Amino acid sequence: MNNMKLFNDPIYGFIQFPYPILYEIIDHPYVQRLRRISQMGLSHYVYPGAVHTRFHHTIGALHLMTEAIRILRSKGVEISDDEAIAASIAILMHDIGHGPFSHALEGEIIHVSHEFLSIQFMEDLKSNFGKHIELALDIFQNKHQKLFLHQLVSSQLDMDRMDYLSRDSFFTGVVEGVIGYDRIIKMLNVRNNELVVEEKGIHSVEMFLMARRLMYWQVYLHKTSVSVENMLRKVIRRLKQLLESDDSDYYSSLLSPSLSFFLCNAITADTLRSQKTDIIEKFSKLDETDIYYSLKNLSECTDEVLRFYSSSILNRRIFKVEHHDEPITIEQIEAIKSKLLKTKTVTMNIIEDVILLSEESNISYNTKKETIKILTKKNEVIPITQFSFNLIDTRLINKFFLCYPKIY
Amino acid sequence: MNNMKLFNDPIYGFIQFPYPILYEIIDHPYVQRLRRISQMGLSHYVYPGAVHTRFHHTIGALHLMTEAIRILRSKGVEISDDEAIAASIAILMHDIGHGPFSHALEGEIIHVSHEFLSIQFMEDLKSNFGKHIELALDIFQNKHQKLFLHQLVSSQLDMDRMDYLSRDSFFTGVVEGVIGYDRIIKMLNVRNNELVVEEKGIHSVEMFLMARRLMYWQVYLHKTSVSVENMLRKVIRRLKQLLESDDSDYYSSLLSPSLSFFLCNAITADTLRSQKTDIIEKFSKLDETDIYYSLKNLSECTDEVLRFYSSSILNRRIFKVEHHDEPITIEQIEAIKSKLLKTKTVTMNIIEDVILLSEESNISYNTKKETIKILTKKNEVIPITQFSFNLIDTRLINKFFLCYPKIY
Amino acid sequence: MNNMKLFNDPIYGFIQFPYPILYEIIDHPYVQRLRRISQMGLSHYVYPGAVHTRFHHTIGALHLMTEAIRILRSKGVEISDDEAIAASIAILMHDIGHGPFSHALEGEIIHVSHEFLSIQFMEDLKSNFGKHIELALDIFQNKHQKLFLHQLVSSQLDMDRMDYLSRDSFFTGVVEGVIGYDRIIKMLNVRNNELVVEEKGIHSVEMFLMARRLMYWQVYLHKTSVSVENMLRKVIRRLKQLLESDDSDYYSSLLSPSLSFFLCNAITADTLRSQKTDIIEKFSKLDETDIYYSLKNLSECTDEVLRFYSSSILNRRIFKVEHHDEPITIEQIEAIKSKLLKTKTVTMNIIEDVILLSEESNISYNTKKETIKILTKKNEVIPITQFSFNLIDTRLINKFFLCYPKIY
Amino acid sequence: MNNMKLFNDPIYGFIQFPYPILYEIIDHPYVQRLRRISQMGLSHYVYPGAVHTRFHHTIGALHLMTEAIRILRSKGVEISDDEAIAASIAILMHDIGHGPFSHALEGEIIHVSHEFLSIQFMEDLKSNFGKHIELALDIFQNKHQKLFLHQLVSSQLDMDRMDYLSRDSFFTGVVEGVIGYDRIIKMLNVRNNELVVEEKGIHSVEMFLMARRLMYWQVYLHKTSVSVENMLRKVIRRLKQLLESDDSDYYSSLLSPSLSFFLCNAITADTLRSQKTDIIEKFSKLDETDIYYSLKNLSECTDEVLRFYSSSILNRRIFKVEHHDEPITIEQIEAIKSKLLKTKTVTMNIIEDVILLSEESNISYNTKKETIKILTKKNEVIPITQFSFNLIDTRLINKFFLCYPKIY
């Protein structure tokens, strides 16, 4: 029995969960590992307060789920204890498959999505938590009949988004991300098995969508963050090359054992399926301390490119970055290369390795997905884009990023 | 030239510093390293939000120093630009000597205080920042004639305490630590070369002292934190033993190179003085990622004690803890041992290693140190304990802690 | 049926009450009148944000009561719906007897305490709300067997104090009043029919007592507030004199009808008992707009003293104020008078009327009243002063105030 | 000389102004009167915390002006002390012409706009504050050469809007109005004599526009507020009718002298110009306490309509309200009338007086006015609608409101 019954959350105050099994799952090493995975990866290089963890986010999302279930039940929506537990487990584990630096390294260390990994982790826990995990998996994968439970876990207005916007805005100090999560949750209801928001909450949802859009461009896709993420990806990619070279033992010795394993073995969905227990066990040992540990070793290694990037990341010497509306052209790249050489910012040796490109896009409300629905005072259910008299931005915005060393 | 001129602090809002040299120092790897040293060590196991870094605290303290200097100047206190820069550097570097998990491991990894190390770091930077560092060192060590500048850096009402109380209370969500730093700083003044607080700020100072006292018992010396800190110290001490055994190579191979170096070589003030550059360089590579990396390896090592403690820390299986007003007796310890054996909580093998003891004390206002002085409306300077009509708690509180595995 | 089910409170967020009858009572004109009685009277002359109303405080205290009942029930304390409703009504009506400017004018307009008036108001509502009011009166007057319900309404740790400290600190911006109401309420329990606080909440209670003490001296008894309150009392006292003179019709015509009634008729507990319905009805028409309306008329009246004070209050020309530890002596008063005359600050005409005296005292924790009790982990109930290892200030502090016109 | 040098603002903390003359103006009765004019009128019937005053808003806007001037000067924008003082006075007085319940009664009590009245008030103070007021008037009326100073006082991104959004959102608890005023002000600059926002602040401006839009519909034009404002306007209009009847003396006697004067004399711009000093003097005596005083008398008067509305407003019995996209038709009105009669909600006597209509519109960003301009990193000045890649809602939204008594 766990006696840690009350969490002090700087955002929500004292929070507590109604089912003991949730505390048991929180105590599991798989969830505790999320203490070593930060929620916002390298964003702390821009926003020094943004060092909160996925563990903290998970606890927060679980709290919002608890609140949402309480509100829905108070409005007569039937949710059994088993369903409530399962929905809670689903949100508690929705991020459990994240690796170090989450999105920045997604697909680089292991060749499956973090959602896929979350499912593997959950399946791995079936032996411990039995039927509860099974129902949680159903809800997570939208196989349970009550669609609205899935929507609380994963939709355009889920508890995940609600918590991360609130939390990231709190820890960064960016007020543009402040949302009325309290009001939105109090206005949730269910019609035709789907989650709806009562009309009185419409402006809070509009603000939520706007806040999400702005947080992407102000914070998540902040130019400096994108730049340092590109730099870190470059390290991983370079490493993978060198680990296939003759010096692979040397480079492997500079990495933590877990990181070495995943970079030397390209794990795909297939390998994962065939050796699940083993790989999940190994992946569960991998966290951001492995990356930092390895970067410190690499910053003194023999490869100039790795040395340059590793020490730059560790000491926050971040590349300059431009964003463009159109793909970067070869001419633009060549122009920068000659400038870097002319100013002796970098040497010929590494010139081919110091131009980093990436593409980022965001859509704050996607009309092609399940829509957010408003329950009007006349008891009609209407998609928000039809009901709102304020503009809702549904466009996909795409940007092309070009990063290279600062020229002094 | 650094172009990162504006920090977004979730507590103070947008902050900026008036001297370019401060940005240069912030950019130095020695300061950037503080991004990998957390401000509150293992407290995040109690307060999940408490993962902010010493880097963030340092930036905050520097902001408060900037404010204090601005206020004092506006009241006619003479502070030259050189003095302002030096006082700013002194606060910026006051914590630079902290190692991983700061107080929890102070004296365990390196046998000198963190203040002593901060001074070595500063001296190491003389070559880069010359006279500014020298004056900063004078202020830091109270060798500069303007005593009040030293007091801003280090006294019972310094910018360090002002920031850490505000920041730790913000990130933990513990409102008992909220203080009126804004009012206190606005009420600062100087008389007879000493820092004083104008009468109108007295209640804010009283609250500051109370908040500091309560934060110690509610947060810094929280039983769970003390327990996990004792557990971590046990790991380090056990390691030092084993590194002197025949298996030293094996245990050394499980540690990060930096940690291994310091645990294998007992560095004292003398060794530090004789090989300063080298050791400072090495110490600057050591941070909390070394500890976590090592703990992960140790959690699978051959030594049962290390394995037990390492995996317990990583997975938050924290010992039960009692605190007592009197030293723990041998009888108390023996009683617990037999209970642990009888309940089969631990085996005979490790029974001698699972009782941890420590002593913690706190005094929120020490009348034996330099006192906090109030400047009355009649322009008199009076120690706060004489002027206040509210009780100020000046007692030293001492507690004895006894930690051991939870019995189920 | 009222459909205003959700209050948006800037402190607590969205709040809601579980019993419809509470909304009916909130809607009653007696409660709505509290919208025109400010919580902090004339303090807004010092803290411009402090214009919140007794209505808002009442709603807040009701919310905390709702929370406290929910927590106690979750710990197995038996509270029937009727008791919960009655305790809620008791807190909802605890301030209903306040007249304009509450404490500043207590005993000046009507010669009974506001608690006595609250009881009369409640009795007047028996016809509307029957047995619920009767039980509420029992709880309010400590005649109900469950002592702890009375303690939630009125004790040294009641929902009234908890809300007003939080609220006043929020609206003034004085952080010294911030308390951990959330934690205290979560730690409430009942033993031997009495309210106790579980050991884990002790530091929050210590901080609550300190915060209350400091709020008195920083805010409630702020010198400027005391001064303007003395000035307002002077207006009322002067008016009562003149209303007994030959010009009583003239002065009466300058007042609102309600204020005129009470100043011309010295209502005591006896008159109130004999003509309750009538007087309660009249008193319910009296609020702060009557005072401001009358002050505006008086600022142009023929009496120099009234004119001087009324326009001074309206235009914030507040007397200078000194506070002393000893009673003010005749010599001190005479010295000030001659200074006022010599500097021609006031004329001989009104010199006898421009020295105002008052005495104020505060005790943040009174050991002679029912004590706050701590429930230890060993399940013992111990008074906080015996259990705490931090100092708790239990002294009565007394100050003598001397106010007179500013001399330029 | 005033010694109240430091305001404690719950939003901005401790604030101070650099020019003594500003304190003198704050102390003037014309400004002090704003303590009796609430910022949000009757909105406190929906949001109980929304009782803050125009005085408080004015102090806040002055603080933001002080900050904006400091930032612009630090970027090399030339602003002389005289200009800084005048711009500060202009913002300090921008609302001084507001009467009781501001917008709700604009044009009902006096037949000129509040801006026109503000100008009259300022001209009246020329004798006290001379050239400073004259320059302030030039800036206020956009006659001064430095356009950007006028824009700080009055434009689509002025200090007025910045403060009222922040303040109203703080006191109501509506987070949808939270804006990054701090960031926007730090990003202000001047190009071609016009205010611009540096590119880094663009998302904060986008959020500001969205927040303003949502605050209108969520708060300022909240249906309940619109309804009670219509009810108050009805009282004033009915009064004006009756004051022209034979019973005018009777009705006049129920009003405060100031209100009576303005309702009996239709003051226009012409009368104001011809008897300025007299009328400004009289208007400066009129505030919200006159309205509440009069409503209390009217709630017991002989006219059924006045009685009905006055007591309804005082006791918060607010009409039901519908809003429509199209003008209300006669058929809709007649349908409601018969329903009211059939349900005996009101009698035939007053049926013609219980249907209230109004039209409200809002545009959060008006492209037909001076645009908000962005200063790009390439030093170009581009209108925000061209530069932003997020949608900016520039549409005028119009709603038709229909209010009538609740039917039970």
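Some observations on this one:
As written, the chains take the letters A, B, C and D, and residue 1 is the first residue of each chain.
Everything that follows uses one rule, which is that contacts are C-beta pairs under 8 Å (C-beta built on N, C-alpha and C of every residue); 3 or more make two chains touch, one makes a residue touch a chain.
Keep in mind it's a predicted model, so treat the numbers as computed, not measured.
Set side by side, B-D and A-D show the greater C-beta contact count at A-D. Chain C and chain D, compared by their mean Cα positions, are separated by 31 Å. Rounded to whole angstrom, the centroid-to-centroid distance between chain A and chain D, based on C-alpha atoms, equals 43 Å.
Centroids built from CA atoms put chain D at 50 Å from chain B.
Annotation for chain B: residues 13, 174, 183 touch two or more other chains.
A complete topology is adopted by the chain contact network, contact being made between every pair of chains. Against chain C, in their complex, chain A makes its touches with residues 6, 13-14, 182-183, 186.
Contact residues of chain A toward chain B in the complex are 1, 7-11, 13, 27, 29, 32, 35-36, 44, 47-49, 51-53, 55-56, 59, 170-174, 256-258, 285, 287-290, 292-293, 296-297, 314-317, 408. By the touch criterion stated above, chain D contacts chain A in their complex at residues 174-176, 178-180, 183, 203-204, 206-207, 210-211, 213-214, 217-218, 389-391, 393, 395, 397.
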